[in-house]
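These are the structures in question, set out in turn.
Here chain A shows up in two complexes: once beside chain B, once beside chain C.
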Partner chain A sequence: MTTTEVASQPIAPYSNRLSWYQRLKKTLRDNLIWYLFVTPAILLIIVFMVVPIIEALSLATYRWNGVRPREFIGFENFQDLGTDRFFLGALQHTIFFSIAATLGTVTLGLLLAVAISRRVLGASIYRVLFYLPVMVPITVVGALWVRILEPNFGMLNTFLRGAGLEALAESWLGDAKIALFVLIGVTIWQYSGFPMIVLLAAAENISEEVQEAATLDGVSEWQRITHITIPLIRPVLISISVLQVIFSLKVFDLMWVMTRGGPGQSTDVLGTFLFDEAFFKRKYGYASAVAVAMFVIIFTITYIYQRIVRVENAKL
Partner chain B sequence: MNRLRHLSLVKIIVVVVLVLWAIIELYPILFMFNTSFKLDPQILNEPFSIGYPPSFESYARVWEGDQTGQPFLSYFMNSAIILVGTIILLLVTSTLAGYALARGRFPGSPWVQQGFLLSLAVPAHALLIPLYFFLGNLGLRNNLLGMVMVYTTLGLPLSIVLARAYFLSFPVEIEEQALIDGCSQFGAFWRIVVPMSRSILATIAIVNITWVWSELFFAQAFLSDTDMQTLPIAVASYRPAQMQASAAISQHFAIMALTTLPLLIFYFVFQSHIRKGMTAGALR
Partner chain C sequence: MKYHAKGLIFVLGLVFVLLVTGVVVAQETIELTATAVGVGTTSAALQAVADQWNADHPDIQVRVEARPDDVTWQAAAPSTEFAADDGPDLSWWWCTRAQSWRDMSAAGMLAPLDDLYESEGWFDAFPQGTIDYFRDPIDGHFYGVQVDTVWTPIIYYNRDIFDELGLSEPATWDEFFAVTDALAEAGYLPLSAVYDMQLQNHLPQALMLRSWTQEEYDAFTQNWSGSADPATFEHKWTDPNSVRIFEIINELGQHNVWGDGFQALTDYNQAISLFSSQAAGMYVMGVWEAGASMSELDFNVDWFYYPSIDGQEPLGVVGSWPANGYIVFQNRPHVEESKQFVAYLISPDGMQIYMEAGGLPPGRSDLPEELLNEALDPNTTAITGEIAELGSVPLWEAYVTPELFQGIREHIDLMLSGAETPEEVAAAVEALNVESRENN
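Presenting the complex of A and B:
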């Protein structure tokens, strides 16, 4: 396009003499339609994402209860975070929750995907069923499991008592030692279907030829899984694991509905801690410092992941 | 007999484990629907009994909203309006931007593309407090339009990436023909490309419908007026304290069932599309 335009304009020196302003105007006019296409999206991102992030960074350096004037305190909020045992506890729970929930959902999802991809009896039914809980809103999943796990009349303990396993009946969400594990269990119950469908799609992409060659070579089912399926779906396995970690770091709904961070702060995570500091204690500056910390952690992981994925894709 | 000999012990174990896991996955959901048709004493004393003949009393109470303060339709309509508004706005803005990034080589396009990729990494939590005050200043707190704007922004990065990837593989020849025939660039997009791109519109809708319907973090913070609240807030507003102390267990189950049902219907109607769409979204 540009070359033909230059060729049709024999008086080239004139175009060189256009001021930067005229050149900008020409560029804008020529590409106006594309700028109009991207403008709505850019506006939304700037107004509702970029400006708020800058605002959060700035708020984090103030002490502010939302009503009285802001008081600038520099990095004091961040220093306080470093010694706030409730924040450090929430950070620790969030990291533990993310790693355990990811290991659980991805491992289980992988096992299910491998089994289903080998066309076991009823494979098409499992594929539909195991994804079903993923569709249920987390709020509902949380509320439902609170009822199921209720110590006196809940379905689980009633079942255990009926089955003569009284000793296993617990105050599932009332015991600070086990509550976080229970929440991880509920997450695995709900989300293992997600890595499953993604890994299943990858496993089914393995070409028929590879599978047939393996069959002709007479490999055992176990060798097929460890030497063919898993190595070939490894990139997807890594992707879905990182996505699960990022997703779990943002957990909020489950704790909000099931435990509100309790008992005794034992299930407090960054999401609930942030929410409490902001909207219950009205420490907006301090809560913004928590938000900034979360932003740094999650943004870094996601960004590194995107870079690696793009490099890997470029190699393919 | 011959077939039985082929079934090795391992295969039997695998099938048994799969069936057991299917029961564990499915039973709580069936339990939820079943329990919503029972009355509180029945729920407490016989948790495993079948809710038959069904009692619709809990549904009647939820319909009037005597526990949560608002009738069911209020929550439902708020959720539905936010969902429909968000999906429509998302489809329009993300396809326009994705198309421009796939086709246009305009000055600045690499930066725009890079910016959208960066926005993919932004966690929503970081936006909570500034948006709370910003929406307050605009008069958009306790306002469905405010939620639509926030959710659209949160859904945009992934939707644009998906749209751009799709349009990159869309054959250019078709649009070029339209342009030669005298169509404007926008006309080619709107009249030729969009009608042929139903699959990407469906994918963008699918990856966003579930989370928008279920979203609680922002809704809980921005919608304090009960007449503006959504279904997930209604579900969360029941205090799940000791069961015997609470007198509204069946109602809680009824509103859980009603909140879940639209998504389950959606899943059963479009299930293979949904699993494909979510896979595409995860692997973008």
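Presenting the complex of A and C:
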């Protein structure tokens, strides 16, 4: 070969000429400082998340009451879940609650955000007022509403009776047909402020020129919301909705404080069901199987969320 | 020479003093840790006893640690802090199967207290029923000792309201419904009851004492276990005397005895506040409310017990909760010292301090009446005397597994919501009972 022929041969990149071990060494050497920065966080995640998840998955294959030796039963707990009417009921309630509470909180939050962004009278007060319930601990909210909703002497029914609306006075938390809806209502009341703040920030980022152009074109407020505001804040809207669903799937404290999953198991959700199985029935293996089921559901939704965010970012 | 002798004596004396001081200093102070639930007066009562013990025993000091609540703590503690080598030396505990007491003793976690039962005369101090309860059915040892006893359910009523409406204590269920109707008619909530504790738990057990025969009661406290006498398996939850329990509960619900939305009343404080604010004419709870709660009210309070069924003599007017007790852990460095403290706790002197601080009647039945009158409030003393005459029987829940206990509660909840009939509840509980035999 001539020098020219040798020189014209393509030269493989330096890294391709290294073995995998050498490549690994090079990567570590070049990025060591960054790996050191993330190591503590990774260790914490491994110790407090990965290990417990593995342990829960393992425990789900045992029958164990907390003291006696564990008895390996394979996937029997998972099989039992499939035929346990109480688990299936709790799953149904959880999914319904998640969807309904998310729809309610995000819709109300969006309307509030739009109203505040349009600078309605008292907007600055509303911004604080509607966010206040978010800051109150859930157990306090639950205890408060239990007393308001007490059917015989609670504030709500006393007001309704006093206003001549006795027909509307219900056993709000004592009627299996409506208790879950009442809890959804309490959740919407408490948490609408959070999507409101997030969507407000997104709405206020919409360019003023766009708004002015829309005004010049003579759009109505409804057209402004549906054709300008919502499309432009869509990525944030989707993110907050998915996060709200994930949050709602894990609900426990509100149900426990207000109804203990009753009446008649009508407000029993996966969180309360798991708590009952573990700490009242001492069925730790079975409770772990429930926890694994919850993890799978939430992980699936989180994965879908990540994919959606990736698609939305790609569009931008 | 004289000075040398004096000097020698001085030095010898100094050495002697130093030696004695060294021995005293070298004696180790043993510190014991005792845990107790912080809700209510239990940890305060234990602390009061520990304070006196510590004053009298500088070489063995007891440190009391209160725990947050009685349910979730007792669910987790056996497999966590009790199982740890550095866990507490002794603890207050609900000595029931549902709280893993039998499992802990089977696992060798608990120290037998047989020697204390002998040396402290506990075989004569406690009723025979209590002795039988605490004797382990497998090995015959005693892995705990009762400290106080409580009875439930007791129906407290507002005597002023009763007088105003011309009502008297009902002796039959018909009279009971007449009282609740009259209260509802007058605008009162007839009976304030914590849903999960009373209606799902204590009420069915009170009805067990009224509906079952002694033979049935003995059978149902055992036949959840596969190793029970097979003759007990003949008694089923679908038998008429058992179905009747659920029928009566259902009837009470349909009669609106507990007012509208009673299933939502799960808050203990809310339930008692309905009574204390005179919104409710009656309030059902255990003897632990007889003291501080009832004596602080600004109206006259009295009490009665659920009526018998069809004139049948009940096994007991109330159920007793025999399980409040103390346990000592085996795998600890100072087991004997822990036992010494428990012996003091259960002694008449210890129990006087405990009762004064805790307000509950003692488990031992040999304490002089003057001591009880001095330590307990008048209501609790009166109820103690009444129940001693009328009789009580250990609650069914003290014997059974947590799964069976929770299962019956779940199905009663479904029945009161209209999702199941009494017969369906009975069938479901029988199925749980059979399943329990396979697993225990």
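As a working rule, the second predicted complex is superposed on the first by the 277 of 316 C-alpha atoms of A that agree within 3 Å, B and C clash if a C-alpha of one lies under 4 Å from a C-alpha of the other, contacts with A are read in each partner's own complex, and residues count from 1 in each chain.
Operating definition for what follows: contacts are C-beta pairs under 8 Å (C-beta built on N, C-alpha and C of every residue); 3 or more make two chains touch, one makes a residue touch a chain.
Since the structure is predicted, the reported quantities are computational estimates derived from the model, not experimental observations.
Visitor: Return first, second, both or neither, reflecting whether A:W189 touches chain B, chain C, both chains, or no partner chain.
Guide: Touch status of A:W189: first partner only.
Visitor: Look at A:E150 in the shared chain and tell me whether it touches chain B only, chain C only, both, or neither; answer first, second, both or neither.
Guide: In the superposition, A:E150 touches chain B and chain C alike.
Visitor: Pick one for A:F280: touches chain B only (first), chain C only (second), both, or neither.
Guide: A:F280: touches chain C, not chain B.
Visitor: Touch test for A:I240: chain B only (first), chain C only (second), both, or neither?
Guide: first
Visitor: With both structures placed on chain A, which of the two partners, chain B or chain C, ends up touching more residues of chain A?
Guide: B
Visitor: Could you tell me if A:V120 is touching chain B, chain C, both of them or neither one (first, second, both, neither)?
Guide: After superposing on A, A:V120 lies in contact with chain B but is clear of chain C.
Visitor: Should A:S19 be classified as contacting the first partner (chain B), the second (chain C), both, or neither?
Guide: Neither partner.
Visitor: Which of the two partners, first being chain B and second being chain C, lies in contact with A:V292: first, second, both, or neither?
Guide: Touch partner of A:V292: chain B, not chain C.
Visitor: Counting only touches as set out at the top, which of chain B and chain C does A:N65 meet: first, second, both, neither?
Guide: After superposition on chain A, A:N65 lies in contact with chain C alone.
Visitor: Which partner chains sit in contact with A:V198 here, chain B, chain C, both or neither? Use first/second/both/neither.
Guide: first
Visitor: Taking the two structures together, which residues of chain A meet both chain B and chain C?
Guide: On chain A, the overlap between the chain B and chain C contacts is residues 66, 143, 146-147, 150, 152-153, 258, 278-279.
Visitor: Along chain B, where are the residues that touch chain A in the complex?
Guide: 10-11, 14-15, 18, 21-22, 24-26, 28-29, 31-32, 35, 43-44, 47-48, 92-94, 96-97, 99-101, 103-104, 106-107, 109, 112, 115-134, 149-150, 152-153, 156-157, 160, 184-186, 189, 210, 213-214, 216-217, 220-221, 231-232, 235-236, 238, 240, 242-244, 249, 252-253, 256, 259-260, 263-264, 266-267, 271, 274-276, 278-279, 282-283
Visitor: In the complex formed with chain A, which residues of chain C make contact?
Guide: Result: residues 71-72, 75-76, 78-79, 83, 98, 100, 103-104, 106-107, 109, 189, 195-196, 259-267, 270, 274, 279, 402-403, 406, 410, 413-414, 416-419, 439 of chain C touch chain A.
Visitor: Considering only the defined contacts, which chain A positions touch chain C in the complex?
Guide: It comes out as residues 63, 65-68, 86, 143, 146-147, 149-153, 171-176, 179, 258-260, 262-266, 276, 278-283.
Visitor: If we count contacts the way the header does, which residues on chain A are in touch with chain B in the complex?
Guide: Chain A residues touching chain B: 27, 31, 33-35, 37-38, 40-42, 44-45, 47-49, 51-53, 55-56, 59, 66, 112, 115, 120-122, 125-140, 142-148, 150, 152-155, 158-159, 189, 193-194, 197-198, 201, 221, 236, 239-240, 243, 246, 249-250, 252-253, 256-258, 270-271, 274-275, 278-279, 284, 287-288, 291-292, 294-295, 298-299, 302-303, 306.
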